[in-house]
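What follows is a pair of complexes built around chain A, which joins chain B in one and chain C in the other.
Moving on to the complex of A and B:
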């Protein structure tokens, strides 16, 4: 796509991004809840790990996984875009089709804005609290530590880029399902548990039973949270890290292709509600 | 009509209304059952790997999980009026209408809606209760049942108290604030595990400030025959859910104070 053709989509991204940055009070309330949640999780996992059975992750890696996972929580595409659901209910979704834009790319750009602006608001206070405040109070053991080296940090940054690409691909598919089923309800009921379990939000994926690991490693949700978190702490390093990032990229490409195919099917015969 | 009869009529009307959308009710309940079921997968997976947590086994933790789960499902189903109080009553000014009726505000808000779909969450907690029964060797005597049912009642009172406090906050903030979620959903999360997992500050908070530990950890530890691990006299353990009722009482007093401060938004 040429840069002139990209311009409207970049503009969509920029305006959505600025709009989403306005929700500061909600971000603060969410931040408080997440700190509480993270603290409970850290203590529960520390208790499990203090037992006699060897753990696939060290306490350090587990704590980083939990705190950084809380910081990046809003990247997870576990529910449909409320605003689009409203458009579908009111029938205004028809206007979306009148714009001189390609609908898939337009919605994808909106999704990218949501997966960058909101996590930015949420992650900065979380990283400052757990990575700076806790250590300065003498609780470094329970806080977020720095990545072990420059290569881990670089690969983490790279992995984050693919998280955004992948999460937005998921989110746009959810949008299309909302359009097809005329309601966000069913989509949310199916998606939320899948995303929570398979991304590693509920339990770090390496701690799931060993016989499940081959399956868990290769499914697309792992690239939403588990991959960047383990790359950050160095639990995934070297070629293993690169392989995991490649998997993220591959799934992003597959899901974008799937989403495009779905878009042509769903949007060809669009049902608009109204009255 | 006395308060009890009025309340049962509220409940009947609310349930009948919801049953008009039977498909939606079934699907939402089933969704809640699956979503909370997923939560228990985490507990199972961790025990499959680590076998125990500071000496407690899977079946035992399942009972902690079940007792707090049943309490929250019941409270969440019964207190919908308080949960959405800010948005639905303060912001719109509809609380004015509640005030002019010759009945207590608490009764009217409790009767606002009984959420039938919470049966999904309740069902999940009961299934886990069954799992706990299979995996532990508790003899289900009358004392055991009485202790646990009293714990559940205390838990319902405690969670209702939290939701009433959340609603009271709306008198000042107008909109509903969801910070209480940290204490309801977050409280369920915390009380799923025995308190000796947590640091002292959190343990004290969960006993003396928001007594979640008193409506699950203490009575369940007693039933499991592990009174010694709690550091509290066994005779007292069965009575600790009383603190849940005390919390509810305090919440009602605060609510009354809030109602006195209420000024209509005029919309």
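Moving on to the complex of A and C:
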């Protein structure tokens, strides 16, 4: 699309991004909880890895995986957009169709704002605490370390772009389910456990049983956390990293196409619910 | 004759409503096999509207006013019938169509709840792709005419209903639409805010030639604003014409209040009926087509010891209520 054609969607993104950056109190509260959970997980995995086990990941890689995962937690699309849920409940969602915008792209732009502003707010204090404060206090072993090299850092940045694209595609599909079912409760119940387990937030995906690995690697949730986290620590490097990033991109494309198809159906039904 | 701005021809919208019957057994059966009932929200609605007209759409709750407006706005697709606004079929050409209309739904908000009003306006500027200079001029004019300058920096959630409604109306006009849909714009407003809204809409229609369709339950809106009224009941057009014609058809009587100097006596004037007695006053109803007002007054003054008289028309609410009753419309 040309920049003139993009203007409304960019404006929607910018406005929502700026608005979300104002929720600093929520970010601080979330930061506290995430530190607490992160610390527990670090201790559990340290205890687990100190025994005589053949682990697919070193303690160093695991700790980075945990802290960076906590920093990027709000990337996970595990619940529907509260604002949209409010619009659906109040019926104001009709106004969304009164805008001269293609509704899927409009909502996708809003989802991108949420998947950039909120993680930005949450990850900065987390990275400062675990990557700067802990090492300066002499606890470098338990903190977040820098990526092993420039290539890991670059590929991590690239992977992060696709996390945003993929998470926003997921989120827009959730939005459409909220519109179709007129409530956000159903999608939240289904989505939260899927996102937490399959993204690697609960247990790093490489630590799941071997026979599950082909399945785990190829499902879309892996691209939300597992891929960027392992690329960052160098656990995935070279062609393996590029392949994982390509998978993220592919899933983003598939989910956007699915979302668009769903939008056509759901929004037609939204029409019939008027009155 | 120029092409009409809005053409509505035999428009019908049917909804499928799942039937639920009482009882646990029926609830279980409903899981397996649902029964649906067809409900016609509107049926065979037809009218045309010329550019620059101001139409009042009235009818009891559930009559089909909002359904009609939603179809005209392009957010609802009718089951059958034809409809064109400004040469476009609203639901088929939604994006192009909605760029050229404005709409205010009184019970909803189109402003972003957490944003200051001005930021909502700026966002609408980009959504409607309005050129910056043009936008500034329109925004400043609307700000002046709706008296918004002190509200622009306030987040929408902190506005009173009257303030918000003024902002909603401004928001619907930033892209200078040729057609404006107002669905209950005065609902819940106090007297001053209602007057402000009416005054603004009237001026907008008169000076800018913006075509307006207004739905309301407040008959004073209709009296103050519209020359033409369409009454919808049970999904069909029951009447289409001036308020005066509606009045004549439904409740054409006039009323004469007679205030007696002394105790009121029984009063029996041919062609009149006694509607009410109140203290020393009696209200007579008569049909102006058969009984002339000045002869009636002369006769009453001659026959009785009268201190004062005055003439009244039935209030518009009563006319409409009578009209609904005549057409057996449930309210």
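Operating definition for what follows: the second predicted complex is superposed on the first by the 270 of 275 C-alpha atoms of A that agree within 3 Å, B and C clash if a C-alpha of one lies under 4 Å from a C-alpha of the other, contacts with A are read in each partner's own complex, and residues count from 1 in each chain.
Just so it is clear, a residue touches a chain if its C-beta (ideal position, glycine included) is under 8 Å from a C-beta of that chain, and two chains touch if they have at least 3 such contacts.
Remember, it's a predicted structure, so these values are computed and weren't measured experimentally.
Of the two partner chains placed by the overlay, only chain B lies in contact with A:189; chain C stays clear of it. When the shared chain is aligned, chain C comes close enough to touch A:100, but chain B does not. Shared-chain residue A:214: touches no atom of chain B or chain C.
Ranking chain B and chain C by residues of chain A touched puts B first. Contacts of A:15 after superposition on the shared chain: chain C is touched, whereas chain B is not. Of the two partner chains placed by the overlay, only chain B lies in contact with A:36; chain C stays clear of it. When the two structures are aligned on the shared chain, A:138 is found in touch with neither chain B nor chain C. In the overlay built on the shared chain, the residue A:53 is in contact with chain B alone; chain C does not reach it. Residues common to the contacts of chain A with chain B and with chain C across the two structures: none.
Across the complex, chain A is touched by residues 27-28, 31, 34-35, 38-39, 41-42, 45-46, 48-54, 177-179, 181-182, 186, 189-190, 193, 197-199, 202 of chain B.
Interface residues of chain A facing chain B in the complex, by the touch rule stated above, are 29, 32-33, 36-37, 39-40, 43-44, 47-53, 55-56, 185-186, 189, 192-193, 196-197, 202-203, 207-209.
Chain C contributes residues 13, 15-16, 41, 66-67, 70, 73-77, 91, 94-96, 98-99, 103, 105, 107-110, 112, 114-115, 119, 122-123, 126-129 to its touches with chain A in the complex.
Those residues of chain A that touch chain C in the complex are listed here as 4, 7-8, 10-12, 15, 19, 90-92, 94-95, 97-102, 268, 271-272, 274-275.
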